[in-house]
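All chains are identified by letter, namely A, B, C and D, in their written order; residue positions are counted from 1 within each chain.
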Amino acid sequence: MRIEGISQRNLFFTIVKSFASDNYSGIHPTILEALIEANQDHVSSYGNDPFTGKAVAIFRSVFGEATDVLFAFNGTGANVVSLQCAVQSFDLILCAETAHIHADECGAPVKATGCMLCPIATPDGKLTPELIEPYLKGFGNMHNAQPRVVSISQTTEMGTLYQVDELTRLCDFAHAHGLVVHLDGARISNAVAALGVDVRTCTKDCGVDIMSFGGTKNGLLMGEAILIFNPELAVNAQYIRKQTTQLFSKMRFISAQFIALFKNDLWLMMARHSNHMAQLLESEIKQLPFVQVTQPVEANALFVRLPASIVEPLQREFPFYLWDEQRIEARWMCSFDTTEEEIRIFVRRLKALAAEQQIG
Amino acid sequence: MRIEGISQRNLFFTIVKSFASDNYSGIHPTILEALIEANQDHVSSYGNDPFTGKAVAIFRSVFGEATDVLFAFNGTGANVVSLQCAVQSFDLILCAETAHIHADECGAPVKATGCMLCPIATPDGKLTPELIEPYLKGFGNMHNAQPRVVSISQTTEMGTLYQVDELTRLCDFAHAHGLVVHLDGARISNAVAALGVDVRTCTKDCGVDIMSFGGTKNGLLMGEAILIFNPELAVNAQYIRKQTTQLFSKMRFISAQFIALFKNDLWLMMARHSNHMAQLLESEIKQLPFVQVTQPVEANALFVRLPASIVEPLQREFPFYLWDEQRIEARWMCSFDTTEEEIRIFVRRLKALAAEQQIG
Amino acid sequence: MRIEGISQRNLFFTIVKSFASDNYSGIHPTILEALIEANQDHVSSYGNDPFTGKAVAIFRSVFGEATDVLFAFNGTGANVVSLQCAVQSFDLILCAETAHIHADECGAPVKATGCMLCPIATPDGKLTPELIEPYLKGFGNMHNAQPRVVSISQTTEMGTLYQVDELTRLCDFAHAHGLVVHLDGARISNAVAALGVDVRTCTKDCGVDIMSFGGTKNGLLMGEAILIFNPELAVNAQYIRKQTTQLFSKMRFISAQFIALFKNDLWLMMARHSNHMAQLLESEIKQLPFVQVTQPVEANALFVRLPASIVEPLQREFPFYLWDEQRIEARWMCSFDTTEEEIRIFVRRLKALAAEQQIG
Amino acid sequence: MRIEGISQRNLFFTIVKSFASDNYSGIHPTILEALIEANQDHVSSYGNDPFTGKAVAIFRSVFGEATDVLFAFNGTGANVVSLQCAVQSFDLILCAETAHIHADECGAPVKATGCMLCPIATPDGKLTPELIEPYLKGFGNMHNAQPRVVSISQTTEMGTLYQVDELTRLCDFAHAHGLVVHLDGARISNAVAALGVDVRTCTKDCGVDIMSFGGTKNGLLMGEAILIFNPELAVNAQYIRKQTTQLFSKMRFISAQFIALFKNDLWLMMARHSNHMAQLLESEIKQLPFVQVTQPVEANALFVRLPASIVEPLQREFPFYLWDEQRIEARWMCSFDTTEEEIRIFVRRLKALAAEQQIG
């Protein structure tokens, strides 16, 4: 584990590995190979190319032939396009307070849709019928934004998971009240790997209306797929994507990555690995008296409270973020390229710091 | 020259080369090599990485240290971010009727800014002080959108060029009336190659306030740089980019491409080549009596009127677009990877079709 | 005719009468009486009151029981609400270059809808199928805003009129291409008075989908009615009105005015009078060699070119606007309270100024 | 007290008096008289008239000569214009969860500004530095909407009041963090009457940057004044008002009402009266064991929990709203025209209903 110093590289640092985010990692070699292979000849732009045709066909074989598939550059873009497919400006979008669309996108979904978000406090990043019910009011009252979308993240931003029955129940409840369900699937691969079921079973078949299937955080250079199961939401999707600046001219270079991602279940293998690394990390630290795991470790993220004095020395060697600076709660994120050795070195260093400081 | 049939590749076609658009081409090998090299280790996301630091430093060495540099995914994204940096919703954006922001972006700039565009008819895609003067009115009148931006494309969508003195005069005129100048530089490399001057001389030094430096159409996988010379326009640019969904998490993969693009003036060599190919194509066809070149060939595009009966047979082998279906006016676009041989084959086929049809 | 001097009234001037605009006039006495009568008791707010019920019933008796009726404060508000009922942000709104929504509303319709306007040059403020046809393109192409609305003004901003057959033909053409027709009826009363037909015959029955019925410019304190004939456009109208800030809490005070406006055809009598005054003014000046009427006088507006030296002296006594300062083209607008005597004094003064200056 | 039956008036009801809202009441006779007097002659439109000049001068004499004054039609309009003066789309607007801009405007402020609201739970509708502090984070972080405005209501939607020192402390805290303070003054008159201090002392002098001075809920036909104390927020206000559809052509008819409202402190007398009526109502009911006053009665509103079985019979005779249907919490609002007799009749009926039902 090595950190390039600021002086060496123009005020920026690089690191061999980190527990900061799954977007600190790069491109899986197989994906990169696919990019190289796709770089031949001219092909039509804006998705009218054989790579995109094939990638769409793969998604349809997985999620059903009626699925509409649109590729987007990034997660915020996929969310913003998806929500616009579902709402008009006087609608209300319900989400967890911790949702990426609420907490981390600089208001992009609000600006693009014109809609108010209704952020709901949760213990674990998960919405339930009970949590959203109090906000399902004002229907037909012109003074009130009209509840229209329940937007969830799977896995959540807290590293937790909706079980299949939980998601089904939530979707049923939303539909019963005339709402549609959007799923931010930036880490859907980690969720599927953890749930151990078919990806369609735990998304479309639960009743999800529109979702993103994230690639960027699971070994792609970049790329997200917007999957529309509810055909009413697909009618204007292509215009919305273009107007949201998310239409890629050389689209083959997203499509080719997704083709490679699905070949031999690479997406699932990568996700299983990063989930497994998180479990390993948890098992290594859970006996340490000075570390407190604050959320169930269900996918590739750990949330832990640490002694204040350990944070900075540890971050200097293994970058990670403090999720909550008040509580000194860190988020440790494992990636497709995290190794067992790195975890052992990391935990050893954690223990050493505690020992040095006579903690625990 | 070979066209992959529909049956072979899932209802889509691929082509070895085309004259359809510079976004039908792929990635220059040197750029691809840079991507591969950048794919090591973890680095901080969202631009806080050494590649981005270096790429920004390169742009600053070229355009001046005070330049603000933000990378974006695509041309529409760069335009939409840039215009938002310059306007409030009650402002008016003047542009040529043919401008990409008016004709080809599904209204994205209007939706994002809330502003009216003022499209101005031009013979050649170029604005002049004389053309914009009639629209510089209503200042201070609350019933009128307030003229605020002159947005131009260099090269224009008609393949034409602003000379240095023309651009300087236009910028001076705009500034004298309190407007700022935005330059859509999706093909700025072709313009610089054609003008034969330093890139700063023909952009910032003419008075341009904000511009994009396009990479996608000149050999990058994707990537545009937004360059802000007028510091007042830079104040909120980072929030605007994020809110426009144009912030790339794994930004090193844009930055590394730009680093490679500037090494040994690769950008200029590619642009010179595609311009040269356009000139070659023009010289090969300008004696043909049945082809009429309708715009000066100043960069990498040709606009030509063709006999109606030739269009489809020619397109089948060498895809290109009809710019104006009424006038049967085609656009032929040369790319960094267009070869002399392809042009000769193309022209030979054009002549053969004319002969078959006893045209000319 | 008397002009209050600046010194007397705090730097502002008042005038007994003017030819500046029909919004320089006040409230018709009968309308004012209705306001006074409505000022009794408490009534439910936001339109759930007996006055609004009655006013809606009157509009339905005139335009058909299926008509949706929403009251708004002002003309810009009515236009902005109506257009939002008809479009999504990637749609295109076609209108005359002179349309109020394009020229006089500070971009409000664009900001609210997110849509591009497509302003079309016309000789007389009127759109025709021939004029709009060239812009009916790009359907289904995600790069293009989708033509969706033809927005017209009746009477036009040039004081001209669509005849019944012209409007029918335009609506049929729009519908045949999948577009809907919006009619800005800020001066619909003047149009109906001039056409001499039933108001439904020259609006809904021609094929108009949504329109405003203006009151402010025809003797109301304020108030416009949005009339929706195409039920698909009505679905969300109430939310759109509220979100556009056009929902009046004490709505009885708009509704009561409309009730009075329709009693004994007051609206039509006022409009006939102002039209008649415009004809009188035209007949009085058309022999003057130094005045050139530039548009057919079909309702209550005159457009005239004047000698430059006459403009200011005449404006000082009888305020009016120069429509086109370059051409020295004035707009003279007659109002429900314009009198024959005022016209005679005005024309006498015009002639005197010409004589003084030895013009004509 | 008399209720017109549904059958008598076209499915709508009218009522002599109610405790539903201060917008159920009509126009104060003195205000109506002013409207009648203003209805003479032609005057320039859009505010360039002597009435508006005088009304602006009055506001400046009260709030300081540097105050920018813009009239608007209604409260939502005034809020939406004011907030746009203060923000860009990536900013964050903090407000109480109960704020009108959050709960009652169908998302209008969000659509117009593009900003996220940050609704904060409060016990009494009032924000404090302690309540907003947790949300003052993410400054300079491009992933986060930037805290920019603290928006409060005075009186609050819960009928409570900010004391002068409370408001000063909140403004100081906001300014210290780079935020500005917006005050929704739909009921500012009631607040001033209750505080018993000069209106400037309890608004501008506390540090408020921009506010509305409401007329509609205090005896006007309609009309709100937007007062801008922070000159940076005034720069583009006129364009923003027009673009928000809140510019009234016949503006004299708002201005004349405000002139009359300030003559002999009519606004304050009306507000004192409605406050006094609320106190009277409170004193009449506070001994009743079956009624629980839930908020301090500081202005013209009472919030009370009632036995469920009493609600509907009481509403049938004296319309009022249930604020919280779960808790059976009613809002009783007094108005400038509420009389002591009405309160006595109302309380008598309340007691009679309880007796009939053997409650208490």
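Methods note: a contact is a pair of C-beta atoms (placed from the backbone, for glycine too) under 8 Å apart; a residue touches a chain by one contact, two chains touch by 3 or more.
As the structure is a computational prediction, the values presented were derived from the model and not from experiment.
For chain pairs B-C and A-C, the one joined by more C-beta pairs in contact is B-C.
Comparing B-D with the candidates A-C, A-B or A-D, the pair whose contacts agree for more than half of the residue-numbered pairs is A-C.
Once the centre of each chain is set as its mean CA position, chain B and chain C turn out to be 43 Å apart.
Note: centroid distance chain C to chain D, computed from Cα atoms, is 33 Å.
Centre-to-centre spacing of chain A and chain C amounts to 52 Å, using the average Cα coordinate of each chain. Within chain A, residues 89-90, 105-107, 111, 142-143, 239, 242-243, 247 each touch two or more of the remaining chains. Within the complex formed with chain C, the residues of chain A that make contact are 46, 88-90, 142-143, 146, 236, 238-243, 247. Here chain D touches chain A in the complex through residues 89-90, 92, 102-107, 110-111, 114-117, 142-145, going by the rule given at the top. Contact residues of chain C toward chain D in the complex are 4, 9-18, 20-21, 23-27, 32, 35-36, 38-45, 48-50, 52-54, 57, 73-77, 80, 105-108, 111-112, 216, 221-222, 239, 242-250, 252-253, 319, 335.
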